[in-house]
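Notes for the one structure printed next.
Naming follows writing order (A, B, C and D), and every chain is counted from residue 1.
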């Protein structure tokens, strides 16, 4: 089965590499040529036209955001030319609203749209250890499953409605943002009270809050080292807004979300956009005037 | 070494039981006679007068709150009669302010005050698996260590300042409260969007948010079953206020804490004081009008 | 000087009536025919084509929102056909962003764009007592001044940048929303403490908080009568979002604004969209569980 | 009728002066002697013992806070010696809880406790223009009315329950604090958008938000001049806490109040305690990073 792959950013390139290593033939398309060349050397076939990608039975896309998906892939002419019953698996983090729209549009053309956003960053992807959140037609998911097995350690069949997979991803990121803020507040109190923040985090993540989020961000926050950047603060802010917008579309007020919106806006106003999003900690510290004590 | 033990609530009784099972002689005192009788049958010695407890070289107290400690134990006459160099280990969750005061008062009388609040509830205590947060004079902690080894699976030497142990405990509970609210918000969005909240929690606690807090409360919140009551909501509210008060005494604003204060007040206004504190979830659901949809 | 007038909603119709009464010739255009007929009977000239409106030296528009302005008036063909130096006065409440865009587009075609949103509702407009917030080229404002003198009691020359007038209007509405929430919280405490909310409002608006906002909304909120509807809650919510979006575009976090967003979302979730925005009071009362006491 | 007067701070001294000027005989008591001397020169009689004050038929007190009232006046021996039916009018800003307690204690001794806090600061008091909020037994209020007529321009008979007068005062201050924060947020957006904050305030306080609060604080906030200090920020913070505590005792969450608590805590952390409370504006400006742009 030939795979069409659209979007060769950091994640996309790693995923294509793994598919090639597993013996799958992959046709790739990317806006800029750099990543294409590298992958053709590893066996991928470069195609110049997106339409050619969509002649494949299964297409995986990994574009940056809603706008990129909307402009490049939600094109009636492009979709009309795809073979009946073809499957398009969008593994990027996009909004639930976009997923609903994409799903409708693909159905119109007799195609299957599967949303399959992932948990895990580049290093996890490289190791083939992503957690894949798949939603859409179950037969379509089954068709993609052998590829998911290459890319990830586990696939969750979330629901038959693609938007639900995006919702899980968005709410997952929302919980991470909440954890960061909670850790920032607790460590700021510790610092103000002359209790070692690293010791605090060590104790609480040893038994109560195990897992990579609290342990990873806890260590960064306690030590106030926001390098290397795992996730840019500006992107974190966008994801918080995504959660708020989705909640709002369902008339759900998010009290913590409103706090996060303000905290991230302040961090951006203070020039922290390009640091890791754990740097919102500095906002809480500034509120407490810690650097002036 | 004879141990004096004050306060035979659910936790205190279980702890005395474990000390007796380990072969330690224990003198016990409690305001009400019920729990005393049960423990004397198991080998404890009941004493009628608190002063007699304080003739022991090591006293452990496990009273309900600041007021109970202050009224019963921070008594100059009582402390003056204790043998020079005796150690008082307060394992209850009290405020950092009370710890500071108790520490000063014990020093005045040539005694050692060790704060040693615990992580873990009754079942964990029964299994001798508590996590013990000890702070105070290191020689005094060393003296208590054989008892800590009976009661818990691990002792953290937090600091030489007793209040710091209480601060860790308070901030730990604060992080738990934040987790509950974050989970409540995420599952409410899921419910409003017709995504199964239990599936959401299963996915997110499998890899990202492992550990007992997210897994335990996550399951309760997703299923909206707030029984059995692990921790009463009214007590949770008190702990949130404790965190806010401590933070305020250090001039640290807690944005999430302010939200929690409002959410817990609303839960109490709606008659939820005696349910498990995970029931604050119902506040977020009410905000979203879910029961009226 | 012939006036072109676009948008005959409740406000627009009243304004055209006043211009006619003052002896000005007015050409009118509206999407639906009803209001047109009424005004032609009073002397206005109906035109079928928007382009004909834009042959006038001065055009006033009063459309519902950003989208209506954008679709109908920010059309290059339409603007290109207007006479060099013509003035377009947009008196509707639109975003500062739209004003910036409209200003640039009008300049391109050699036209003047004046933003002139108003303070005051239909009854105030009928009496010719609006407060007009004008911003743009000063010569263009001077040209419109005779018409402003008919429509309002006072014109403020805000700035030479049109968006600034919209910003004043948006921030004015923001302060009103804040007042409503503050009054809602104070009267809810009064009710819970068995103090007559109307007496509270009477006392505080007699000396400290005079003026129509506190006196008008204070009386409604204390009595919990949200009829007649002066301003729909759904519109109020939109205006709060407008303030938040503008603030966010300038990297300003609004702590009260975040609370308002949540409170208005909850009110909508509870079916209050079509009541007066003072009805957000019921949200605060619900939080306090007042109807269940 | 001889008047006993307790508490000669800035407000108390001015009030006694006015009573003397109106021809009333006044016995005064104060902890420190300075203000006593000044008033005896104007005709007051100094008494050394509080008990002597309480032999008067009517006693007015104007002490600093709950603690001062509780320590000095809520003394059973003192109250037992007062003549049956005597009236004690407490005109200070104290908590509703203290008023309830004082009321009960006075009744026990056959005395009347009237709460009569005032709106207006020293200059207003000097001109005899205070607004007096009186609550308690109506006959007792009637007895004090001639004195209220000297001290104020208007007396409100709030309720027969003294605590209600204190509640009105506390909620009045709460509304002022909310106004300050709302103005701070609006002017910060204006500044960030390069719109003159003073113009914004001038426009909005001309028609919509008349009255001393918006006009007075609006001008201070727009100009960022927090001198002279009308009300110290540390006291403003205390009053916000008073409102929150009262609300909490009635299980009413105050969303704006929680924001205020955080904003005032941050202002104190940044060393603003002794500036006028309008200086919380600097907190909002700091959040927006305005000084770093």
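Observations
Just so it is clear, a residue touches a chain if its C-beta (ideal position, glycine included) is under 8 Å from a C-beta of that chain, and two chains touch if they have at least 3 such contacts.
Given the structure is predicted, the values throughout are model-derived calculations rather than measurements.
Just one of A-D, C-D or B-D has an interface built like that of A-C, with over half of its contact pairs in common by residue number: B-D.
With A-B and B-C as the two chain pairs, more C-beta contacts join A-B. With centres taken as mean Cα positions, chain C sits 54 Å from chain B.
With each centre defined as the average position of its C-alpha atoms, the distance from chain B to chain D rounds to 40 Å.
One finds 38 Å separating the Cα centroids of chain A and chain B. Shared interface positions of chain C, i.e. residues touching 2 or more other chains, are given as 251-255, 259, 262-263, 266, 269, 287-289. Taken together, the chain A residues at the contact with chain D in this complex read 262, 266, 269-271, 286-289, 292.
Residues 96, 119, 131, 133, 154, 156, 158-159, 163-164, 167-168, 171-172, 174-176, 178-179, 181-183, 185-186, 188-190, 192-196, 199-200, 203-204, 206-214, 243, 246-247, 250-257, 259, 262-263, 284, 287-289 of chain B are the ones touching chain A in the complex. On the side of chain C, the complex with chain A involves touching residues 248, 251-255, 258-259, 261-263, 265-266, 268-269.
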